[in-house]
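This report refers to the structure that appears directly beneath it.
Labels run A, B, C, D and E following the written order; every chain starts at residue 1.
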Amino acid sequence: MTTTVLLFTLLKVIVIVFVVLTAVAYAVWFERKVVARLQSRWGPTRVGPHGLLQPLADAIKLLTKEDITPANVFRLVYFLAPALSVITALLAFAAIPFGPVTLVGGVDLFQIANLDIGVLYILSISSMGVYGIALAGWSSNSKYALLGGLRSSAQMISYALAAGLSLVGVLLLSGSLNLRDIVNAQAGATWGFIPHWNIFPQLLGFFCFLTAAIAQTNRLPFDLPEAESELVAGYHTEYSSMKFAMFFMAEYANMLTVSCMVTLLFLGGWHGPVFGPALLQTMLPLLWFSLKVLALLFLYIWIRGTLPRFRYDQLMAFGWKFLFPLALVNVLLTSLIVAYRAD
Amino acid sequence: MFQETIAPVGKRTMILNMGPQHPSTHGVLHLILELDGETILKATADIGFLHTGIEKTCEAKTYHQAITLTERIDYLCPLTNNLCYVLAVEKLLGLEPPSRAQWMRVMLNELTRIGSHLVWLGTHANDIGATTVLLYCFREREEILNLFEAVSGQRMMTSYFRVGGLALEPPAGFLKRVEKVMATFPDHIDEYEELLTRNRIWMARTKSVGILTKEDALDFAVSGPTARASGIDWDLRRDNPYSSYDKFSFRVPLRAEGDIYARYIVRMEEMRESLKIVRQALEGMPEGPIQVNAPAVVLPQGDNRKTEMEALIQQFKIVIDGFCVPPGEVYQAVESPRGEMGYYIVSDGTAHPYRVKVRSPSFANLQALPRLAEGRLLSDLVACIGSIDIVLGEIDR
Amino acid sequence: MYEAFFFLFALAAVGFAVNLVLQNHPIHSALSLIGVMASLASLYLMLGAEFIAAVQVIVYAGAIMVLFVFVIMLLNAGEEERTNFSRLAGTLGVPLILVLLASIASIVYRIAPSDEMVRFGDFHGRTADIGRMLFRTYLLPFEIVSILILVALVGAVVLARKES
Amino acid sequence: MIPLSYYLVLSAILFCLGVAGFLLQRNIVTIFMSVELMLNAVNLSFVALSYHFRLLDGQIFVFFVMVVAAAEAAVGLGIIIAVFRNRESLNVDRMNLIKW
Amino acid sequence: MIPPEVAATPDAATLTELAPTSIVDAKLELGELTLVIDPGQILTVCEILKARRGYAYLSDVTAVDWHPSEPRFEVVYHLFCHERKQPLRLKCRLGGDQPSIASVVPVWGAANWCEREVFDLFGIRFAGHPHLRRLLMPIDWEGHPLCKDYPVTGYR
């Protein structure tokens, strides 16, 4: 590994982290805007045109707020938890390819690391995300936070299972754990207009994964760990200032990860019509990818604006008694089809 | 009988102080919960954080001044409180306001009911997680508040009803405005119902949750929609008509299940019935004076004060000394959006009420809350609080 | 580079493990164990066992340890008072463990070819191959383990249920 | 470049630390975690030797160990919860009812 | 003692039959029937009214302070019968010295908070109440604010 490659990679990591953090900030803006329009409000309008500078204002506000540490917290864990949340949320982006292989100076521009086990890597990193929440809830010496932490750990374990299982179908179809291979397997189209996206043969898997992923990212209708009307703010009740913002960032980063994952696994990643001059041809896949991610984010927000919240036991029952068997059925069906085709 | 002491039942339980600062206690309700995991073993309500001594204050005011206090008891249905108090005083005085005033009172009361139910629906849905409904409800409530502002100059603390009639003649074109706003309402209610009524999650959260049996409802003196959802067919507007409610035809929604969903359905239907009443009031609004002819009680209207000495003197006398009310006692109940709102007024013959007692529906309804929530999950408690539609100002007075 | 990473993760693993042994509060021990597992996952990666590394994080750190943390939170048991254990164990235990370590190390040195160097990328355990082996050579153990897990599941449910 | 034996020695050290934790700790949850530490140490040997022989069998063994560990954790923690309900303590010295 | 128009009502008739000495005074004003009950028999009267006359619904319990005249306190019960759509007011007159009366919580659960409120604001004790404690005022409050001799100016 040469020094230039190392430097280039480092630079790439920094750029991607910066892009992701900006995307997170604007995901918040996007959510506020979309929810506001769903609810016949305007959303942020005051800071900059269309409130576009709102994320900046929020960041300044959160940074300059007093950082309160309540009495009798479990200090080490209390400080560790938000960092853990944010780190695990950001680590997942290391394996996500944002576009086709575009080599500049021997470095792939649109992906930090092309892992052979990309899918497993992202699943494992996201399974670590529960620690941030569970430990935050437990360490803050608050009953609401404790209940939130307990809820989230049970919820995350339950839904991680369904999420993992629902991906098996896709993996069976593409025969690889490498995200790039999976996306490449979805290139092309039948009759020129039906793309070979996994969502069509894997509709069941898509539904299962999306639902489980929404649950894993603690979003409505599965936002029980932070259900504000019940637990005030759940696991981050006792957090303020930047530590609170870190949980917030982690939540939105996780939303982005999930949207990226769904795009890559089910929606054909960056595939889309490519035309025009060379520069446009390199940029178009990025555009398709971003548009798909944006559409999924919109779906997320749309669901949030529409549905009420589950109750805890209903959530568990839904995960174990409905989603999990459904994912199993999907695995069974897909493997049967794959076996039949192999014959 | 339920014990109210707070001793842990077992060792592995947790006491959770929910409120008085909590997003879903609808004000400053303090609930002391004993939890086993998330299951509520015992719930005890602690009230009084909003106790402002309105009943005591009334004793120092004249009968007219006390009107402004009544609407501060329940800030979601000020006109219902106005009406109840005014009716009680009129009964003591033996006055019967002219029919135009009565019909206006009915119409505004039903608008208040719709407005109050909208706030209930929005906050209740928000508690269960459907945030959008809240915004929709407040959007429509704004229209109703604008109507109140047009008629009385105030959005919430209206003080529009006076002993003997109304404070002012409604502005020109007011009825047209009401008609225009009301014309949009059936669609709006359909919109809420589309979001909630057949929603699987909503049904799962509300059906057979927080069941209040008919017997319990009677025992705790639960009234209003909460009682009607438990099968108690009882509506003061129909069964003990006041202010010419007997001239209107409307249905009283009734459900037997007694769960949160039943209460939800009853209130939704009540909104539609209220719309009907408003429409009838608009169609049949009688012409005529808005105040009874009782110079000793009613402030002189219009230009009289500028041209007639007697009117001016009357004005001064009523404003400064108030009017005397013959000794006696009266209990007047009206159907508020939350249930039986009653005013018990004792007069000793002076210009100040000797004793004013407010029988507030939420006060009684809240007593039933532990019965609804005990043995269920914390999330159900939140739904239960929303479903009995409490207003803490009215509970603590 | 490789050496640096090895020593980084090895030291982290040992440090976390020592912390696990010395901590009083179970939550600290649990966090240390998670640290050990994460370090080990990195070492697996360096040994070319990427599937095992991922499974280590998913199963061990992401599921089993979450269970531990969950139970610690659920019981909310703080630090236990230190009860006196036998003095014999206290005085003899540590030397005996050192003896154990020394004997294992000597065996390792005797049997392991000391000249073999680990080179990153020399050996690469591909997930597909592992899967093929699991379902061909090791099909019977796989099925037995599946049944074991089913039994454990039922057992855990029975154990954790409250007597009504 | 690292000699393979380093991995094996590291595994030995971790195993011994696991044993030490098992013996020194009084908290049943921590003791349980020490057992897991020992299992992990053995897993490291398996993976290292799998590298040595260029065979995947070692990794498959690790896989089985993990599965068994998961089963063990589920049952073990269930027992711990049951014990804690009865005894209100996690100290192993308190669980001496059938000690003679 | 009992006006004839009151004595003709079935409520009063039932009471005079089953608890002959219970009604000490009565009136029918503004269409509202008021029975003044002997404080010692209030529980019996309430049980009779609930069982025999269908007054299953207790709207309200409150009190009026007639300080300085004696008997100083009036405890007022508002009952309601859903079947006949008929309200009824009961009253008990209590002396100003250590006022106390039997609790009607055994008859209607709704009386629980109402009686606590009366105790809180008037200082009337309810014997047999399951949990007689201040309801609206803070627990360490001194005095009973709705009494007419409670100071209305100045600071505590």
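As a working rule, a contact is a pair of C-beta atoms (placed from the backbone, for glycine too) under 8 Å apart; a residue touches a chain by one contact, two chains touch by 3 or more.
Quantities reported herein were computed from a predicted structural model and do not represent experimental measurements.
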item: Number of steps on the shortest touching-chain route linking subunit B and subunit D; value: 3
item: Number of hops, subunit B to subunit C, where each hop joins two touching chains; value: 2
item: From subunit D, the most remote chain by mean C-alpha position; value: E
item: Chain pair with the greatest number of C-beta contact pairs; value: C-D
item: Distance-to-centre winner among chains (Cα means, whole assembly as reference); value: A
item: Distance between chain centroids, defined by C-alpha means - subunit A, subunit C (Å); value: 28
item: Centroid distance [mean C-alpha coordinates] between subunit E and subunit A, Å; value: 64
item: Inter-centroid spacing, subunit B versus subunit A (mean Cα positions, whole Å); value: 46
item: Rounded Å distance, subunit D centre to subunit E centre (Cα mean); value: 72
item: Multi-partner residues of subunit E (each touching 2 or more other chains); value: none
item: Contacts with two or more other chains, residues of subunit C listed in rising order; value: 51, 55, 63, 67, 72, 74
item: Category of the chain touch graph - line, ring, star, complete, other; value: line
item: Interchain contacts, given as pairs of chains that touch; value: A-B, A-C, B-E, C-D
item: Contact set on subunit A toward subunit B in their complex; value: 35, 38-41, 143-144, 147, 220-221, 223-224, 227-232, 304-314
item: Subunit B - residues contacting subunit A, complex; value: 14, 16, 22-24, 38, 125-132, 135-136, 139, 195-196, 199, 201-202, 204-205, 377-380, 382
item: Subunit D contact footprint on subunit C (complex, rising order); value: 2-3, 6, 10, 13-14, 17-18, 20-21, 23, 26, 29-30, 33, 36-37, 40, 43-44, 47-49, 51-52, 55-56, 59-60, 63-64, 67-68, 71-72, 74-75, 77, 80-83, 85, 89, 93-94, 97-98, 100-101, 104-105, 108-109, 112-119, 122-123, 125, 129-130, 133-134, 137-138, 141, 145, 148-149, 151-153, 155-160
item: Touching residues (chain side subunit D, partner subunit C) in the complex; value: 1-10, 12-21, 23-27, 29-30, 32-34, 36-37, 40, 43-44, 47-48, 50-52, 54, 56-57, 59-60, 62-64, 66-75, 77-82, 84, 89-91, 93-94
item: Residues of subunit B that touch subunit E when the two form their complex; value: 1-5, 47-48, 51, 53, 55-56, 60, 91-92, 216, 218-221, 232, 234, 239-240, 328-331, 333, 340, 342, 344, 346, 354-355, 357, 359, 363-364, 367, 396-397
